[in-house]
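First subunit A sits with subunit B, and in the next complex the same chain sits with subunit C.
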Partner chain A sequence: MKNGKLDWLAVSLYFLFVVMGWMNIYSAVYNPEAPLWIFDPLFYETNAGKQLIWLGTSMVLIIFILAIDFRFFESFAPLIYGAFILLLIAVPFLGVTINGSHSWFKIGGITIQPAEFAKTATALLLAKYLNDPQVNLTKFKFQYTSAGIIALPMLLIIASNETGSALVFASFLILLYREGLPGRYPGLLLSVITILVLALMVKPLNIFIVLLVVAIIIALSLPIYLQRMYQTYLKLAMGIACIMAITSTVDFLVNNVLKEHQRNRIKVLLDPEFDPRGLGYQLTQSKIAIGSGGFFGKGYLQGTQTKFDFVPEQSTDFIFCTIGEEQGFFGVLVVIGLFVLFLWRLMYLADQQRSRFARAYGYGVVGIIFFHFLVNIGMTIGLMPIMGIPLPFFSYGGSSLWSFTILLFIFLKLDAHRSDMLSR
Partner chain B sequence: MFSGRNRIIFFFFLCIALAFLGKLLFLQVFDDSYMKAADNNAIRKIIQIPFRGEIYDRKHKLVVYNTPIYDLYVTPKKAFVRDTLKFCSLFGIDKTYFLKQMKRAKAYSKLKPFLFLRNLSKEDFARAQDAMIDFEGFSFVTNSYRTYQSKAFSNALGYVAEISPNRLLEQKDDYYRQGDLVGVSGLESFYEEALRGQRGIKYRMVNSNGVEKGVFKNGELDVNPIAGQNLYTTIDIKLQEYADSLMQHKVGSVVAIEPSTGEVLAMVSAPSYDPSLLAGRNFSKYYGKLAMDPMKPLINRPPSAYYRPGSTFKLVQALVGQQLGIINAGSVFTHAGAPVKCHSHNTSHNDLHNAIQWSCNPYFYHAFRKILYDGTSGNTFERSAQGLKRWEELAANFGFGRKLGVDLGNEKKGNLPNVDYYNRIYKGENTWKFSNIYSLSIGEGELVVSPLKMANLAAIIANRGWYIPPHLVKGVGEKHTIDPYYKTSIPVGVDSKYFGVVIAGMRDAVLHGTVGSEGRIPDIVMCGKTGTSQNQKGKDHSIFIAFAPMDNPKIAIAVFVENAGFGGFAAAPIASLVVEKYLKGKVDRKAIETKFLNMSYMSNVISANYKVKKDTAKNEKR
Partner chain C sequence: MANLGSKGIKAEINNRFRVFILLITLFFFLLMFFLFKIIFIQGEEYRKEAANTYIKERSIVATRGNIYSSDGSLLVTSLPKYKLGIDPTVYNREPGSTIYNKNIDALAAALSDFYKDKSPEEYKNKIDLARKNKKKYLLINNRLLDFQERKRILKFPLFRERKGDATKTGVVFDKVNVRYAPFGQMAYRTIGYLKDKKAVGLEAAFDKELRGIAGVGLFEKMDKNTWRPIENNEETVPTPGYDLHTTIDINIQDIVETALKNGLTNFKGNYAVGIVMETATGEIKALSNMSKSTLSASGYMETQNHAIDTRNDPGSVFKLPSMMAMMEEDGLELNEMINVGGDRCMFFGRWMSDSHAMGTASVEKIIESSSNIGTMKLMQRTFGGKGAKYYDYLKKFHLIDPIGFQIKSANEKPVFIHPSKWHGGYMLWAAVGYSTSYTPLSIISFYNAIANKGYWVQPLIVKYAKRGGEIMIDYTKSQQRDSSPLCSSKTLGKLQTMLEGVVTQGTATNIKGSVYGIAGKSGTAQKVAAGGGYTNKYYVTFVGYFPAKNPKYTVLVTMDSPEGGTKETNSRQVTAPVFKEISDNIYAQDMKLQKKLSGILPDSVNNNKLSHTLHPVDQDILYSSLGLPKFDSDGKWVKFSLDKKMAINQAISNPAKTVPAVIGMNLRDAIFALENRGLKVRAHGKGVVISQTLVAGSPYQKGAQIDLQLN
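What follows is the complex of A and B.
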């Protein structure tokens, strides 16, 4: 087996991210009254110390992945997928509860969340499925199968009450779209989301009125340009009917489908003034921490909100607050810029692949990382509802760091061997 | 296949990234409310209020000081009281109150100190301090209120009170916060910045539980408190108390000045009030009462009450007339041809000395007529205007019609009518002449003065032509700093040689002139001038100004007693007693002293004179 070269830029960015992430975790748990030195055993009881261990073990994982034959991932994709499906099924029965989430396995002293790894497994199987040249995503048959591969782990995760983690699977739309899924699917999804958000923010009646006005204007102006008036009217009428239907279901969705805590998160998102000391506390404090950073931030370890625990979950899901407060707008500009660069690089690498498996997998990686980026940063600044979704490479957490490391390095391993792969 | 789609995907990513950056730019750079919110979260401001400066009299006797009081705070989470009964008996509270306060404290915050008991005395504090070991979670915060050694110096001293909403809004440097104490009137207000010192501010960081987490920014922003500076006043508190006792049952003022320095020895405003009523917890209760009192005990009359000077003003006429070269010691005027009446006195040779001794109205009528008309040209209207102008220029030097600049906030200008003033009143130039304004000659008409100005006039005559602006403080702080203004001697522009005849006349007025026997001090050479101030509110005000001894004077004094009639009757004896007390340290004329200590003129007082403003005095044509 020839050993190809790892992409230096992607690897550098990975290390940059984890180092920056660790420094921010250190800052988030930093206690100015009793700073712990790195050799102090107590240090390893803090999140920063534990994350250091997770980082070390991640290096082992990387070496391990790089040592495995690159063909292993394609060949064993179904097996890996199957194994994680079994784990997801087993979790409700054999798992333990951590932070109110019954989705963890405890093996010795280590706790693992299989949902984090199921994403990688799904990406692998999906990529392998698409590797078959016969699979054509414009056809319903193949669309169903693909959707099935995604939906199975997704439903199992929803069943264990991890809606946030389940939603990540929606990111495979990016993979599917890149591999030929007609644009109307992601387009439709985005439109529905847009309408739902609009309907939440504006009274449905107002939307109806605007729609009606728009429809009448279009209807009146159409005959001038089109001959097949009848069909066009029909389509227009159907479209508007759909939008109206979606709009009118918003209240039903919010009040009956969503659970209490989900409903509250939506309320908090829509109304920043909503219960700032209670349900809105986390978002309010998160915005205060980020907003108080100013342009250049308060300086490393100088963030008062960060140091004094004003933002709950700061080292995990709300690590972006630390960056925002201590590094300011300049810092978040760099971080967001680096993420965009990273995504661009991964897409670039994926597009270089000769095998459809590697390319599809690459887009799977891109999609998952992007989705986390989108939701995590979005929720800290009040653009997304709060869900338990970590910022890749930055947030504290073993499962999260391991799973992103594995996810990424499988792709980088495949990329290193792209000249060895057969393009089918 | 579909390779163009990577651009669409990347474009979507870029849009999201830009949307985030836009939102972040708004949060972090454009909206600074989050910075304030963060400071509110994590930074606790601890205010340290220094003790207010103490106030001493001219002999370094303590007059005003601070009594420390202690407020007891409780932090519910740390609080642990094993023996509630012992705690309650220690502070003299009952168990119901204890439980109620604990409940309120817990409702307020488990982690923040709550004001449990207010205004504990030093004794309470000392008693409780040792026992507090048994009661965790309680802490004392020091506070203080003003305490007064004397009840006789209230009005000029002023008082300290919670800052008013208006003053809070109008302050320039944003120093005060709601609830801060501030000097409201008198010296407490005038020397507020020196007395209050500088408040200290400590910034401490707190975590989300409100627990202190150390110094903010290494204490760079902290301000150490600077103690208030002491005031060393010119007041002789013994003399002040004596003068105050003489003014019991009377409405009016006593102002005594050391002529050589301009230092105010005593400044009494009657009726007065007990200053301790306005210190501490009961401020609002007593303030309301005092403010509503028709006798206006809160007003400091000496610099701010308006009176006509009456005959005391003849001294100014005599000096100005001489300086203008229009009259001299030998000028003689008879009673004939004057619309003003006179007391019976020997007019065979009615010269300036005689006129002052007997306070001769016709003499000064004629003298003032001469001042206006002599050496001027044109018709009587034009000549009156020219004459008044040169008269007014000189009379203004004595401090009339303007502020003397005493270190009290509420000094009033008074009124010295000039040409413009009469043009305004009579609606046009050359519309008035001597016959319209001759009342000025005997200190009536539109003239308005304050007791302080008249005391200063006495000092000017004592000094033979100059004064140092009267002041009540001769040193601020340990370095005894003082505004150089209060060290500057100001000449009044009248040659010292013209004072001889005036002083001689004043001496004879005391010995065998307008001043009765009760105003005579056998062993002190006092020079004085009586005055009787007409007013619309009943009986005339009794005025007397004097200085003593004649050579090398030590004290100049003005006494105003409202509605007490002729100046020789009430004001002169009171002034003589104060002068005697100051120069001899004791008063030998016990009968007179007792008489005036007990004398009351209140039955004549319709309402306190403070309301007479110059606009009520104007337009009064005679």
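What follows is the complex of A and C.
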């Protein structure tokens, strides 16, 4: 069987992203007093130099993935998943701590975070499970199994204190919804999140009053024949009660369930003046960097905020600041626009798949990238709590770049063979 | 596609696709909205904040204290060094930037020529760019400059404009304190250093005192790694560290280092240690460690403080504490005769040997010839079956516990097994310096007690910690001094006789014949191999004191693994001569020592007939510091001559308008005397004037030339 045709648009966008990402990392670590040229061995001690190595090795990974038989990924999905579950179990015992996170393996000079790769493994197994014609996501039995596949790695990652990475698994809801999960689940989740956020920002009592008014208006405006239905009232009353319960638990959740550093991240979001030397500082500096960029930015390598190391983690989680400061509104418009184009394209490709495995996997990829994209940019501008979520293809980091490359190219490989899958 | 059979589900799924597209598009607009808000609505405010230089509280490092030698010479100090930077915004303030434009090319050329790392164009571009970007600070180069270089740079084009007013020329020097030792390598390891995370020597031991208390002040961030203090904005002023006043005498230290190097050149040991201790006070006057090093031209460098860090089997020098213990225990007499027997003898199943068969010998002879067998037989007789007593004596002699020196070392505690764990003949072997382990400093502190009328004093290297001139910590107060002697005066007398005998008729006769007299003990320990058993390498020591009759200094010289000697000749050949070189030179320099010797000068000084002519002012200073009686010359030049044991002072007058007599003067005085009378001087050679071409006392013409020969 011959290799099919890769989707040129997605591949070009991938290369465009990694090159732009690298240039921004270079700029973030660039020291005008002592610029290092790429032939200088010292260069490879900087993030930009190391990222260049990660980029090179990513190319090897791509060639490797494209060379493997496309059926491998479906057949071996359970094995890959199992292997990563074992790694996640092993990491608390055999791992090393980097930047306060005990979730890394050290092999020689290379450090690998298995949590990054577990997303791909989960997407593969979930897709394989859904490929079974028997599986129907409207039935509880299948819903439970799917939830289990997602929850197992998620819980293990939470156990190693990487809540941010664990939350990424919530993005599989997109995959499940596309594959027939009733809309009430994502709807419910979105509602709860909305209510929680509202409850954080507004006093619970006000929400009660508003809800009560809304409920009365709805009840009064319902058609007469529905008003008579006892059940409708009951449902409405139950709904309001639930919402009240959720809002009243917010304080408890924030103060007792969340750990201190998580709680602080939420407080900062609501009040940037909170913790001005720590997290608030990070967010304020991030906003200053982006906000001071203007329409066209300060120019490549000319950003002062990022050069002065004002923005912590500027080459990893806060790489978007460098783009904002140096390329301005125009730059961020281009990057976000290209990302949206990229997501549209991937979704379009996913929808074109004839095999349910490839389609589900494709939606998994879209979900994961979308989640990262949204949360990462959201946290640099104060819309999302600060958590260690990198910007796909842009952020510095080997595990992150490798895992996104693998995630994407498995899908592009499957896509290239979509006609072969049809013939099965 | 079985589960997507019905048309309704298909439509539903299509809807869901649209929901996703909508969702992504929605978030696109959401993000763009917020970014728009940050960049355009709040942008002005953020741009202002970004333009503000960043200010932060940071600690200000206090000036580190100096370390001084005993005579107040600086051993180590903190010198200010400077980093050159500029404030390019200054040039934009002036309309048209005329001085800048006029001078920048010349400045760039001067900088390039000075630093030799970048071309003038590169410097120019760098400064131009910073100016255009309105940077408030640009680091020109990271190199640290000394004060002279700083002065030179201030004369560079642009920087010298506007009378060098820095607010107009933009020049900025950042001060950095750097540790500097004016004497270079001298006592390098003893003084120590703080490098990266490694700290050794006095710098480490007294870090707390030297460091001072850091202050707090506001700093401006200028650059990725540069924080500059904002002037006059110190919230807490740093408190400078204390100055350490050590007991190190730089002259004696120099003598010891030279002598050690000479010894090492001859015998090529692994390392050598020299310690000079002032007998009465316990002050360490010199402490030198020379270790093999490929980094130094001489092949040796101060890299490790063996004197306090390295323990070794002391060898025969340990016979003296054993002897002291035996004499205290049963009043052993010097002339008591012992049957030592042949040159081999078995103790507890192991052979011990002497350099030669002694037959029957006196106790004195046993020490003077360093007989192992004799000492061990005596030990067996005195302490056989009551080894614990011997141990108690050693404890009293400060040879069991660490001596508590000011520079701490993990190896300070001697290795000497407790009697409860002794096996076989441990005590006998230990008594002659084997199977035990001591640092050189432990050994010298014991010998110093013998020199110091039996009183043990703790070795001391730092006397005071001072701030300004005020003593903050007086370490002599915490110095341990025994209130009673280690032994009776009878025992002491016997031991001193033995130590003098070692030099006059024992193992170290090669250093006898000094005017002042040396008393000491040689020791040669065969080195133990890593896996046990003895090697062919030796650890050689000579420790003693001088002058023998009235000890002023205690000296220890030790060398590890010298080449070319045998067991019998090692300590005699290797370390004893080094000892003598040290004692001779100290003796020659130390005037107080000589004054007490009723006018007899050492041979080294007394060989020549001395004759000098001195200016009366110099003569006053010289004589009073020598402790000689003042000679009143009535303002005339003084001729001082010395013939063997007689010194003659004579005032000489030079009649006006005649050529003065300058023979015997140094060149400075000669020029002074001659040019005062209008003569032109041409000098040859160096030293003192031995001849002059115009005869003294003869008339002369102004401007005539006189040739002087110096030697």
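Going forward, the second predicted complex is superposed on the first by the 411 of 424 C-alpha atoms of A that agree within 3 Å, B and C clash if a C-alpha of one lies under 4 Å from a C-alpha of the other, contacts with A are read in each partner's own complex, and residues count from 1 in each chain.
Note that a residue touches a chain if its C-beta (ideal position, glycine included) is under 8 Å from a C-beta of that chain, and two chains touch if they have at least 3 such contacts.
Please read all numbers here as calculations on a predicted model, not as lab measurements.
*Asks:* Label the relationship between subunit B and subunit C on subunit A in the superposed model as either fit or clash.
*Replies:* clash
*Asks:* Which of the two partners, first being subunit B and second being subunit C, lies in contact with A:Leu338: first, second, both, or neither?
*Replies:* neither
*Asks:* Between subunit B and subunit C, whom does A:Pro133 touch in the aligned arrangement: first, second, both, or neither?
*Replies:* After superposition on chain A, A:Pro133 lies in contact with subunit C alone.
*Asks:* With both complexes superposed on chain A, which partner does A:Ile89 reach: first (subunit B), second (subunit C), both or neither?
*Replies:* neither
*Asks:* Between subunit B (first) and subunit C (second), which, if any, makes contact with A:Ala147: first, second, both or neither?
*Replies:* neither
*Asks:* For A:Cys242, select first, second, both or neither according to whether it touches subunit B, subunit C, the two together, or no partner.
*Replies:* In the superposition, A:Cys242 touches no partner, neither subunit B nor subunit C.
*Asks:* I need the one stretch of subunit C that runs into subunit B once the two models are overlaid. Options are 113-121, 149-157 or 221-229.
*Replies:* 221-229
*Asks:* Jot down the residues of subunit A that show up as touching in both complexes, subunit B in one and subunit C in the other.
*Replies:* 33, 174, 177-178, 180, 287-295, 304-305, 307-310, 324, 328-329, 332-333, 336-337, 340, 343-344, 347, 351, 366, 370, 374, 377-378, 381, 383
*Asks:* With touch defined as at the start, can you tell me which subunit A residues reach subunit C in the complex?
*Replies:* Contact set of subunit A toward subunit C: 31, 33, 133, 135-136, 174, 177-178, 180, 287-295, 302, 304-305, 307-310, 324, 328-329, 332-333, 336-337, 340, 343-344, 347, 351, 356, 366, 370, 374, 377-378, 381, 383.
*Asks:* For subunit A, which residues count as touching subunit B in their complex?
*Replies:* 32-33, 174, 177-180, 183, 285, 287-295, 304-305, 307-310, 324-325, 328-329, 332-333, 336-337, 339-340, 343-344, 347, 350-351, 363, 366, 370, 373-374, 377-378, 381-383
*Asks:* Which positions of subunit B touch subunit A when the two form their complex?
*Replies:* 1-3, 5-6, 8-10, 13-14, 16-17, 19-21, 23-25, 27-29, 31, 33-35, 37-39, 41-43, 205-209, 213-214, 216
*Asks:* Applying the document's contact rule, which stretches of subunit C touch subunit A when the two form their complex?
*Replies:* Answer in residue numbers: 1-4, 9, 13, 16-17, 20-21, 24-25, 27-28, 30-32, 34-36, 38-40, 42-43, 45-47, 49-51, 54, 133, 139, 142, 221, 223-225.
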